[in-house]
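In the two complexes that follow, chain A is the common piece, with chain B as its partner first and chain C second.
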Partner chain A sequence: MNYPVWDIPFLGAGLVVAIIAIIHVLISHFAIGGGAFLFVAELWSNRQPDGERIRAWLHKYATFFLVYTTVFGAMTGVGIWFSIQLASPEGTSLLIHQYVFAWAIEWVMFLGELTVLYLYYYGWKTNSRRLQVWLAGLYFVIAWGSLFVINGILTFMLTPGGWTLENTDIVAGFFNPGYWPSLAIRTLVMFLVAGLGGLLIASRMEEEDALKERIVLFSSRWVLPAALLLPGLFYWYWTTLPVNTARLMAAGATGLGGGRLEVMTLFAVVTGVAGMLIVLGSLLFQARPKALTFSAALALFVVAQIGFLGGEFSREMARKPYVIYDTLYSNSVWKHKAAEPGYRDRSFLSLTRWDPDVVPLTPAHGEWAFRLQCASCHTRDGYRGIVPRTASWTALSGFKWLLTMDQQGVMPPFVGTAEDRAAISAYIQSLHGRTVSAAEILSQARAEEVSRSKSASAPTREVEP
Partner chain B sequence: MNMFVLATGLWDALPLPPPDPLGYPVPVELLRALSYLTLTLHFVALHFTLGGVMLWLWLRLRRPAHADGMSAYLGSGLTLGFSYLVTLGIPPLLFVQVMYGQLFYSSSVIIGAHWILVVPLLIVAYGLFYLHKLTRERHPAPQWVYMLFALLAMLTIGFFYVNNLTLMQAPERWMSIYHLRPNGQSLNLGDPTVLPRWLALLSPAPAVAGLGLILAGTVLRRWQQEDKGLAFQSLGFRSVLVSVAATGAFGAWFVSRIPQDVLTRVVEMPLLVPVSLAGAALLLVTALLAGLASRSRSLAVPIAAIVAAAGSLATLVALRDMLRLAWLRPHFTPDDVPVHAQWAMFFLFAATLVLGLVLVVWLTAVVTGNLARRYREAHS
Partner chain C sequence: MDDSRRKPDSDGPVGSTEGTPAAVDIPDSRFAEIPPDAEKVLPPADSVAGKASRAFLRRVPIWPVIEFLSHKKVPRHKHSFWYTLGSMGLFFLIVQIVTGVLLMIYYSPSQPWSSVQRIVMEIPFGGLIRSIHHWSANLMLLALFVHLFSTFFMKAYRPPRELTWLTGLALLGTTMFLGFSGYLLPWDDLSFFATRVGISEIEKTPLLGTWVAGLVRGGPDVTVDTIGRFYPLHVVVLPLLLLGILGIHLFFVQVQGVSEPDSFRALTPEKKRYHRFFSEYLVNEIPIWMALTALLVALSALFPRVLAPEADPGAAAPEGIKPEWYFMVPFQMLKLFPGSLEFLGMALTGLIPLLFLVVPFVDRTVPADRRGRVVARLGVGFLAFLAGMTAWGILS
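Let's turn to the complex of A and B:
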């Protein structure tokens, strides 16, 4: 609550992060797996009698790889950094201050992989064969090193393990429970995406070309390790999730059987289905390599993008209601602060620094309390819109719901007085086009309280025999 | 916390978030040194690329002798230059977040809608440079359009950066701007330093690209391409002169717009005079060496000019930070932030950096040696 909230209408800051991240994550996996692909393909071409033709095809792969991963991958990587600052400055500050030198090491890796990639690509005609193989291998090692580093920070956010605000042990937070399964999953997924990239470039070759068949077979094999091992690895990852997250996901799966699908589970299912489609598609092209068309290869790439979308959303939802699990809520309220006696009952606007000194119980009070406490996750009527979510609310039910919203497991605790709750509830009613004053809500609530206490203290009438 | 803040209660009066409780991971002087070093390198790559696209468009407009050769040289450097300017821009942004995070995040959110536009603008500029690289021989006609839009994207990114970095040091302006537009569709346009600072930021660009031209011209002359090499050197030198004059003029305009109280605090800083003098001297030395290099066949002279230019950019980086410290003095000073040392991580980073740089420099020498040999063979 130290920072202003970027109150971006319709999208919300969270969706801005998601859009950039979903594009980036596929490309970043391709950027690593593609390095291994180049290395292995270089070795393969050396052993083939028509190695020069394979290398001509590989040059096309490398051109696509270079432009796609640097223009879109590197820039959206920077974009994630920009967007998380806007969505959660408090959380970003914690990550930066705790892991500044891990970020810095990742940057060195990035600088290294970029330079080696340029040396590989621009030295295509002048480097010796041995040097090219060596550069491709080195590129992969450095790029995977950057994954090794960033994976620690990413998994820390969901499973911080032994790290706490009191014990800010870098190693405990970095090699957290989710670290190893996540690293294994990402490593297999990046091979899979590299293979899909190979299929995409191979699909442009002439159908009659016998080389196309061999390259399709070569590329589609890169999907197999993921197809065989990912189910087990995902189960391993699931066992490391926080109890509340695992419970919610399991409840979602049970709901699936009953015809009700939790959003988090839905996204996990989307990822699973996308994975299966990719495996089936790859097997099909293993069996009939000549059948591969550009549209089919592109469709597999798009399916992979949808799979990443599901995975990213599912993981983000798994972290609810935190941005750093068990430490910092998504709306920048610290868990330990909220647990302090009396903290949650303090006037909310006195705890923030960013309201324009609004008069209590006015519409401006409700608008600013909503903005500073709710708008980091909820828009009014767009992404995670508050209007559709509160369609059945009355002013009084909303007032009461806010007090206990944390009990459902995906919302943070409300911080603020009854006046703050009344002001927000009145503001939400105004979004539905209904005019209710916060003072009215408060007096209704008080009247209800009085009548409840009266009925509780009234003598019980004896039942006549 | 700063005694002045404690005494005046300004901390409470302004919406200034406190520094992160995790503190600094190493003493602030070390963070500053890392920031200065990487920001200087970022500026070299930035000015080379920005100046390159400016000169490319000028060549297209005026079409002097050997314009095609110079355009090809400048155009081929743009993708690499852009890539490194972004990559080298990451660590200064990282260290500014460590040192001044509570200020930087606040101003970023206040101008959030513009700040996030930096990302698509980066993609547009970089994508257009690649489009140029991959299509310039097949489709020469529309290339100037690509370059023009790439230039506009870069200029806009720079403008948003200047807005953010000036706003982060003026917390007294935050509330009024944020309350007017909490959706982030604001800029810091009420600050009279924004425009001159932006122009002063851009003005060294033709000099750095010009030095690149002089160096390439020298190499060409050594490879017996006398006329072409002289054309490169001549345009490079003229760019340096125009750029040095523009930097001086916009720099003076910028200084004249700084509030008096901030200037008073800057003048009190002990290193201000030596750093300013060194900066001015290095700027003059750059111009002189560029003049010498434009008539020379020796590689040492243009390389010395590039080193002098990098040195003068380094002094600008230091002056810029001094000014920020003076601006922030009533509200915040990094000296008051506690240090919770992470030495093991720092040394791991330092070792990785040294190893990475050695590897990269060695491999670059090997590959560029191969490329140069092939080019010479092709032209001999």
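Let's turn to the complex of A and C:
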């Protein structure tokens, strides 16, 4: 409720951020793991009699690496900034203000990363062998340092640890409970991606070439550490999750949710499936290294991209209903404010910094209330669409339900007056093609209250927050 | 590889056991001989795998079948990627069979909607399986359409492969009917009204229309009796038909070999390069199938198939009822020709499969002559027309 909303039809703002981010996350892991790959491959080539040929291949790897990580990495990285500040200005602002120095260090790391990579790549012919090995190693150290920083901010959003709005203990927030398992997982995953990149470049070599076999074997071994250690590390990460998140994620698998899987669990399944497929695929090419073609290597890369999609999506959804866990709700309502008496009964539009200026109880009122309170997660009929989710609603049941929507633990509390709720309910009915006026809903609700109070002859409990 | 598997310390003179396994010292007419070609590729006779494979081949002498299959080779050129579309279709078919069987465990044709609701809401992973079945169906049709057009543009339909082309068209048609019959089974609002509209279009066909529509519906309107017909069609009749035609289709490809585009055919023999289908080509299909598996699960997590409210045959059709995208072209054609012109729209729609059917009999020359080039250009226009109509239908 900071600035005018960013209304993306069908996809929704959150999914736009997610699409940019998952592309970026694959690139950024490759950008770090690839550094280690270059360093180890440099050392390896120095010990081989045909080191020159290996380095000729490595140059192709480095070219792909440079273009893919710097061009597309930078584009999507900036894209994340552009999109998150529109999707959640309030949350972005909090992250910037709390972690000013972390961001500053991060950008110095980026600059150092780019500088060293250019020195390495453009000095390919002129630099000494020693210097090249040294530059590749330095690149990896700096790049991993950037992970060290960003990992603190990312994990902070889900598990802020000892940090609160009052103490603003940023060290406790940075080295939060999820920090170390997440750092270990990402480090292993980036080795895996670096190996898949190696397979991709090796697949272009002539099948008859004996070197292809060696390089495919060398590259596919980079998958092994992740294959062996990730299950245990994910369990460690799981133990750091907030209780509510762990409960939701287990729902369905244990029958808590009546068998229906929480979507977060589904995305975790996606990651598990992708991870197993990558391990099987790399085993396949350990057995048949010469047969690897470009489309097969690309397919494994696509599997990795989908694995990232699953992992990052379930991590993002694990925060439900928060943007910053236990602090800021996904609809940009602060938890401490929502707990203040009377706050949730205030007109929602009056709380916005930018007043859409609508006549109360008109369709425009409903649409604006929807945009501000619902659209941060729900589109109208696209991704997480509101229309299929409200199929069984009547205008009156929707009006009542809004008041209790935070009780399942997956949605934020509703902030707004009965008029706001009536306007949203009428708007949702209009999305189903039914015309109901908001004023009518209000009078129906009041009539119901009156009749109930008469029959029970007890004091009414009108719109209790 | 083989040398390393052999025991270095095995006693007995080297070579004396080559080709003459100990078990056939006394020829027994009940057992078949191992062909010399097979001996060359089988694992060593003293290993477990070697013994098992020889014992099997002596009992079931299928070596000619294996040899027949091993001849299949796939040309390698810059358009080779398109060969994989057929195998993608096969992959989705396998997914459909596996998920379909799983759905059948809880689906009940006498309580269609509530049993699907139970699958989605109560059965562990039921919603996921159902979504995968939905996405796999759509991607299977997409893969088959792309396969159709890539085969068309590579001109693989020309003699002697007319029959492969025709069986391919039959496969596509059967798959579309599988989609149509499966769509009704959840018995929700969308599926009910889309099916009712779809069958009423069939009804308008002259001569046999009324009879055919009544036959598939089981009466004058879509009722639970229609599910009684669509369900066995969807889970028994059409899949068996599909598998039968698929067997013929693949058999033809095996016998005739994979078609080579003109540019590849023009190369000198030493420049032509191939992948043996078993297992060089197949090894590389597996990662693609893996990527599709991951894609199916991801799509099902991102966009799960929603179960709309239970169909109410008495209610008015909700607005904006549309068929699935693969039936959008005939749907839009009928919109283009409203009222008394409807007849014309139906006639033109009926022409579309006919055009596909006659292609291999019109364009026959290898390498492509003037007529072949005209057909290719018409194909581009036709593809643009189909894609345009479909996009228009989806967006309108």
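Assume the second predicted complex is superposed on the first by the 447 of 465 C-alpha atoms of A that agree within 3 Å, B and C clash if a C-alpha of one lies under 4 Å from a C-alpha of the other, contacts with A are read in each partner's own complex, and residues count from 1 in each chain.
In this section, a contact is a pair of C-beta atoms (placed from the backbone, for glycine too) under 8 Å apart; a residue touches a chain by one contact, two chains touch by 3 or more.
Note that the structure is a prediction, hence the values are computed from the model and not measured.
Enquirer: Looking at the overlay, what does A:284 touch: chain B (first), chain C (second), both, or neither?
Expert: It touches chain C, and chain B stays clear.
Enquirer: Identify the partner contact of A:270: answer first if only chain B is touched, second if only chain C is, both if each is, neither if none is.
Expert: Only chain C is touched by A:270; chain B is not.
Enquirer: Touch test for A:406: chain B only (first), chain C only (second), both, or neither?
Expert: neither
Enquirer: Taking the superposition as given, does A:440 touch the first partner, chain B, the second, chain C, both, or neither?
Expert: A:440: touches no partner chain.
Enquirer: Comparing chain B against chain C, which has contacts with more of the residues in chain A?
Expert: So, of the two partners, B touches more residues of chain A.
Enquirer: Shared contact residues on chain A, chain B side and chain C side combined as an intersection?
Expert: Common interface on chain A, chain B vs chain C: nothing in common.
Enquirer: Across the complex, what residues on chain C touch chain A?
Expert: Against chain A, the touching part of chain C is residues 81, 84, 120-128, 279-280, 283-288, 290-291, 293-295, 297-298, 300-304, 306, 308-309, 318-319.
Enquirer: Provide the residue numbers of chain A that touch chain B in the complex, in ascending order.
Expert: Contact set of chain A toward chain B: 2-9, 13, 16, 20, 63, 67, 70-72, 74-76, 78-79, 81-83, 85-86, 89, 92-94, 96-98, 100-105, 107-112, 114-116, 118-119, 122-123, 125-127, 131, 135, 138, 168, 170, 353-354, 356, 371.
Enquirer: If you look only at chain A, which of its residues touch chain C in the complex?
Expert: 252-253, 255, 258-261, 263, 266-267, 269-270, 273-274, 277, 280-281, 284-285, 288, 291-293, 295-297, 299-300, 302-303, 306-307, 309-310, 313, 383, 388, 391-392, 433
Enquirer: Applying the document's contact rule, which stretches of chain B touch chain A when the two form their complex?
Expert: 14-18, 20, 22-23, 25, 80, 83-84, 86-88, 90-91, 93-95, 97-98, 101-102, 104-106, 108-110, 112-113, 115-116, 118-119, 122-123, 126-127, 130, 134, 174-175, 178-179, 182-184, 340, 342, 345-346, 348-349, 352-353, 356, 359-360, 363-364, 366-367, 370-371, 373-374
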